[in-house]
Amino acid sequence: MELNNWLNRDMPEVAQKLEKINMDHFFKEKTIGFAGKEIVYKVLFHLRSALFPGVYENYPIDETRANILIGNRIRNAAVDLSNLIEKAFKNECAMKYKTLVERRDRANEITIHLINKLPEIRETLNTDIEAAYNGDPAALNTEEILLSYPSIEAISIYRIAHVLYEMHVPLIPRMMSEYAHQLTGIDIHPGAEIGESFFIDHGTGVVIGETCIIGKNVKIYQGVTLGAKSFPLDENGNPIKGIKRHPEIEEGVVIYAGATILGGDTVVGHDSTIGGNVWLTHSVPPFSQVYNSQPSPTITQSVPK
Amino acid sequence: MELNNWLNRDMPEVAQKLEKINMDHFFKEKTIGFAGKEIVYKVLFHLRSALFPGVYENYPIDETRANILIGNRIRNAAVDLSNLIEKAFKNECAMKYKTLVERRDRANEITIHLINKLPEIRETLNTDIEAAYNGDPAALNTEEILLSYPSIEAISIYRIAHVLYEMHVPLIPRMMSEYAHQLTGIDIHPGAEIGESFFIDHGTGVVIGETCIIGKNVKIYQGVTLGAKSFPLDENGNPIKGIKRHPEIEEGVVIYAGATILGGDTVVGHDSTIGGNVWLTHSVPPFSQVYNSQPSPTITQSVPK
Amino acid sequence: MELNNWLNRDMPEVAQKLEKINMDHFFKEKTIGFAGKEIVYKVLFHLRSALFPGVYENYPIDETRANILIGNRIRNAAVDLSNLIEKAFKNECAMKYKTLVERRDRANEITIHLINKLPEIRETLNTDIEAAYNGDPAALNTEEILLSYPSIEAISIYRIAHVLYEMHVPLIPRMMSEYAHQLTGIDIHPGAEIGESFFIDHGTGVVIGETCIIGKNVKIYQGVTLGAKSFPLDENGNPIKGIKRHPEIEEGVVIYAGATILGGDTVVGHDSTIGGNVWLTHSVPPFSQVYNSQPSPTITQSVPK
């Protein structure tokens, strides 16, 4: 079949069907309409470039121009972010912010709140960088961590997204955290509360749920899940939203690779160590050492004749 | 040493060596020649933008222009995809499609077939989005899922790639699924057959093999492997290609994080639950609950004096 | 609040605070200053495009122009890489290379050394591609592996980064390996020593530590960790850097998904097989078969009435 003819004659019907499915779907869900992921990523680029000038640029920058760069990055982030927040409020918070002016004011307020928090976020990220340096013998200096550790990527985005989550901004914090997940394999829900000096080594496969609480000086390795045990359903069989479902990890805890800690009532007491692949669904007191009483694997030999 | 001199004087010899290795290699393998990954990714961008207008754009789009956008995206995807398929057929299917005209006709046919299927794919993706909403208490609405769940990224690409796989298009479906893997950490072979209302939570580390069959309403968590036990070798010691090697998961099954289910004869009966980290290499009947009789980890305390 | 006013009036103070934090931090660490990740990624793009002409381009290239493309790619890579290395030496190796001329000479030398090694790297990558073909029944030809296997992405970047690591280039090899980690979920430290014919199937979650030694013909699956048991601290409680902490895997070993092998004294003898999820912290002799004596999971049924 000739492709161009088909594209001109028959394809528009396919496009129309797709449009209809999208319109029905979006209308039913009262969503904010057609929103682009790319703008959220652009905002994150500008914010992270302001936090760590030079790191995310295409070309090295001159130290003497750092101030100008930071200012420009913040300016760009602010305008886009405020627009995004206003859009996110449009339908989802229709009860709360009735007029465009109300929405715009609130969006500006939140944007300014976040930007004012950037220096504090940056100071906390210094403690996270320091924790990585102290926690990994392979790290030769803190610049290496800044330039090559997925931990810092994931945590810097989490700390930004968490501020927006706390201000009840819909959608955008989750889009940010999923971008971090995509970059690093580390999936931190923006609702989690995470203290300073946090380090995730390697990180691929880490999952930290929405209602986790993590104290300071916690170190976790790749493949660790801090998740939900199971979740109650409402009378219609739908999961009930907004319940504490994830564990609390007190300060100074180390959790080795592949450990799974589940449940909203589970508290891992401070200064505990959780061994690799441990499956834990109840609380343990402070200073606990939790290891699998792992039977040695069976070793046989098959020397070829 | 002066770099520019070296680049002008000695480097061309290195380039020539590299060219020779590539020519030898490509020639030996009778491959389609020099193909770019980026075009495959561009085709996917256009197709996914047609499925979910606005989501992948750099800027929010106007609802009234959705129809034009969808049409343009399909048009762009169609031309590039048809060229790619023709190229992929060129050598790999030399027996089957001898002339350029035959290859071009078949490439156009397949391209049109895929585009005609887009509305159906989009409807199925709605069931996947719904399944994510019902399966995750953290999801507040279906737009959040569309904009921030890796599950939808991976499954939308899988559902496109699977159509091309079914049409025996070489290479391109695998390039598409590997792109999804790169974005999400979810590795679904395009050959797998997956029913509607499929949800993968978090997803990092999930592997779904080529000959898997998955019923509808299945939910799986991060780190789940649906893989091969081992595979037979031919008389030359090479793995025999094209045998059923991966399990069948019937409808309504839930598989928790880190479970490994292996083997072409393994069937997980409908409405079963497979617990976290379970290692399963044989069939289980419907309504099974499969859990590790996990010995409690040993807990000791090391309170410092 | 009006956003523009705030940006003009109050924002500069935030920017100043951020600048100060960054200056203090960078100064304290004597780092190379403001370095961009993107240039490192660009160098990798050019080098990989020279190794595999066509694969990473936006459009398919003509075979007859492969030589020109390779030459151009190398030229671009060389100039940027030499500048990056010189910068990396600037502070970190202040003792060693005191003058700009010394640093520039050494940077050029190393750049030329790497480029001269490209044909050898490319030949070794052919053995890795061949290993993937022989190790995966789903692979239909070696071009499919080149175009769609994360293994080749990760290993090609590793083999480049390892050459720079051996030449004691600071920072840049780790930035390269972390880029591979981001693309593939496979985290190979550039310090590891890995023989030819190496294959990683699926790969998400694989971690290979800095002081690993891996023989030829080794195959590993997703989620395998070759890591450190624990590490000694110096008198100040800081981890001692530069000690052998990771295992040695002799030739012909296969390690299945999720296995964890730890410790600098651990040697897995040649032609051994390590089963899925095995936790191994001591040496095993050649031809060993190491499997978990896995208790069958408990299966119950819950048929609804």
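Going by the order they are written in, the chains are A, B and C; count residues from 1 in each one.
As a convention for this text, contacts are C-beta pairs under 8 Å (C-beta built on N, C-alpha and C of every residue); 3 or more make two chains touch, one makes a residue touch a chain.
Since the model is a prediction, treat every value here as computed from it, not as a measurement.
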| item | value |
| --- | --- |
| Steps in the shortest chain-to-chain touch route ending at chain C and beginning at chain A | 1 |
| Rotational angle, Cα trace of chain A fitted to chain B, multiple of 5° | 120 |
| Residue-number overlap at the chain B/chain C interface, same or different (half cut) | different |
| Centroid spacing, where centroids are CA-atom means, of chain B and chain C in whole angstrom | 23 |
| Sites on chain B at which at least two other chains make contact | 185, 204-205, 223, 258, 277, 292 |
| List of chain A residues in touch with chain B within their complex | 1-3, 6-7, 10-12, 14-19, 21-23, 25-26, 29, 31-39, 87, 92, 170-171, 174-175, 177-178, 181-182, 185, 187, 189, 191, 204-205, 207, 209-210, 223, 225, 227-228, 231, 238-243, 245, 258, 260, 275, 277-280, 284-293 |
| Complex contact set, residues of chain A against chain C | 50-63, 66-67, 70-71, 74-75, 78-79, 82, 105, 108-109, 111-112, 115-116, 118-119, 122-123, 126, 134-144, 147-150, 183-185, 202, 204-205, 222-223, 257-258, 276-277, 292, 294-295, 297-304 |
